[in-house]
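The structure follows.
As written, the chains take the letters A, B, C and D, and residue 1 is the first residue of each chain.
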């Protein structure tokens, strides 16, 4: 019996579904994560290109859109244990060029920028309150890395009882093994897996929220 | 360049270290997760046996010890999206036999039992307040599953700035692929990986906290 | 210029309003808080009687209903600083008679019981996830004490971006000075103040949620 | 029997005490809250002057120091229910002059600036992680307003099991009635009340943390 059979036999891997009020959450697509000499590489550039299509669709449908960035204080006073495990994180401050959202996905006014210091987009941020304010019931997640900040954000999205959709080709990672392994875990236990095209198709069928 | 080289080159996988006031966190070692016909299997039984040695050491050293259980209301009023992805979770109520902590690890008075409804031991629980109350700086994690509630709890432990240690042979999973993949992710980004024997040795060198 | 004028001049005290999907939150109406020789007194008994009418209305309208109780572990392992400030709190364990919800308001299956260790109904509990699961946008609060667990819960409800309504005669306190002072603060900054009759009237005008 | 007698008889109002690793938390002492024509008035200016003495002491003792500011996005995308109750809050953006910390208390590098959108300094912020990182056990609170962001922050500090000290003459409010009423509530249930001079004296007796 292989791994997938075990999960199936034990009742995992069901579809949780797509609700009526989706929002798009774009995790950490900043310059630093799109440069293989910094924290990027792997399939991250492709994921950015795919996310661009999804972002255009979300804007056309006037969905709530949020972006995350990792931002530490200039003096490093809020860099903690995460910065011990991963050297160089402390360079991700507000104004440095490498820490701006990639130009392909530049936010427009009214889109929400979440500044965070930890993997999850929800940890120590206003994201949850913003989702509640916007009466969201479904969180569509793209971004990077699949095995890092995407995975952590997806766990918290599901734990807060949002229907959660991971865009399989809108998330990327510096290495493909962890990318695949984390898609498996998320699909079995936390989120539905859909391609960007499938998500665009699903959004196109939706009525505008009342 | 293989995955590990990428992580090394980009600055991941450093040691965050062992602090002065460790606590032991034992995640979801309940009967249901030690039965391959329910949610168990894989290397979970071995992880329980290894955790027993670690628990004895922690009790001898009078460390704070916490256990988690997944517990839903009898009427299912608090089963949400997690229960949609994983069928059968809703059976994990307070009093059913399968949802008791395994006899090998039965808690003693003064040890803290965390009831949770989501993967992370921190989500919607009093665990963080209990760690602060006990002036803990290091969280040693055992339990199951490696790819599920352990991983989620480790992310939150690190995100709260606790030095976090995963007991590599004290955590287990129903399938070995996800177990290994999640150990890799955690070791690179969130926690130090040590065997139960290495942790026992580290604890033995420590002075009692002031 | 009296206090109220200052608040008015500075822009406080506006109405935030009643949304489309209200829930009823009943805070800590347990036997111990309805006994003047324990933690009760003042106008708490009246508030329970008024809440009963509101609860009947909520049940007729099939609104989500949640109750809170303060519940500590039998061994006291989760009693922290709150128990240092208020002696006797540690007696509020799961099974003692004084810590059961008052018979006038006995919950029925499907109503959600929140066990908490701190003033706020949101702190370390699953309440927020339950509100999201039930697509709530408005939290109507009754309970006790106005200056304690009600106030703390109202701050968190508003901070999470729920429209928040305090039932002025459905909340009570052991002493009237703090009761009045906290109604003032909440009405100016966090919540709309309405009597139970006004809330029943508002609910009667609502359509059932879609 | 007056209010205070009721509290005393029921076991409230005990001293929780001063720990070994205090931090200073300065809440919302920004220009806008020191101007009676904006959100200021009452005894806030005096509280700033008293806080300055306390801040100097904290710096001499090299205690961790955190400041909070309310900061909304320039496009208002994160202004929620709080902004409905209190008109004008949405003007508190990152760069406007009225929203800078008062010059008397200008932070120095290494001091932590918490940006928040809700009353509590803990809500959706990194404050808790910063306290854990700095191994704090005692939070000394000054700032404004006593009945607003100070009260909310004190509840959360205590709820997280920090020994909490309110500097009675280091906190201020636009109106004295709510200031006094909230000092009463906090002193009875959540925090110890000490003057700035008493706190300076207590800090002077402490050894530097190990």
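One rule holds for everything that comes next: a residue touches a chain if its C-beta (ideal position, glycine included) is under 8 Å from a C-beta of that chain, and two chains touch if they have at least 3 such contacts.
Everything quoted here is computed from the prediction, not taken from an experiment.
Between chain A and chain B the CA-based rotation angle works out to 180°, given as a multiple of 5. Matched by residue number, over half of the contacts between the chains of B-D recur in the interface of A-C, chosen from C-D, A-B or A-C.
Both copies, chain A and chain C, contribute mostly matching positions to the interface they share, with over half of the numbers common to the two.
One finds 25 Å separating the Cα centroids of chain A and chain B. As a whole-number value, the distance joining the C-alpha centres of chain A and chain D reads 34 Å. Counting partners per residue, chain A has 80-81, 118, 124, 128-130, 132-133, 159, 161-162 as the residues that reach two or more other chains. On the side of chain C, the complex with chain B involves touching residues 73, 75, 77-78, 80-81, 109-113, 117-118, 124-126, 128-130, 132-133. Residues 128-130, 132-133, 135, 137, 159-162, 210 of chain D are the ones that touch chain B when the two sit in their complex.
Residues 3, 6-7, 10-17, 38-39, 41-42, 80-82, 84-88, 118-120, 123-124, 147-148, 151-152, 155-156, 158-159, 161-164, 174-178, 181-182, 184-185, 188-191 of chain C are the ones that touch chain D when the two sit in their complex.
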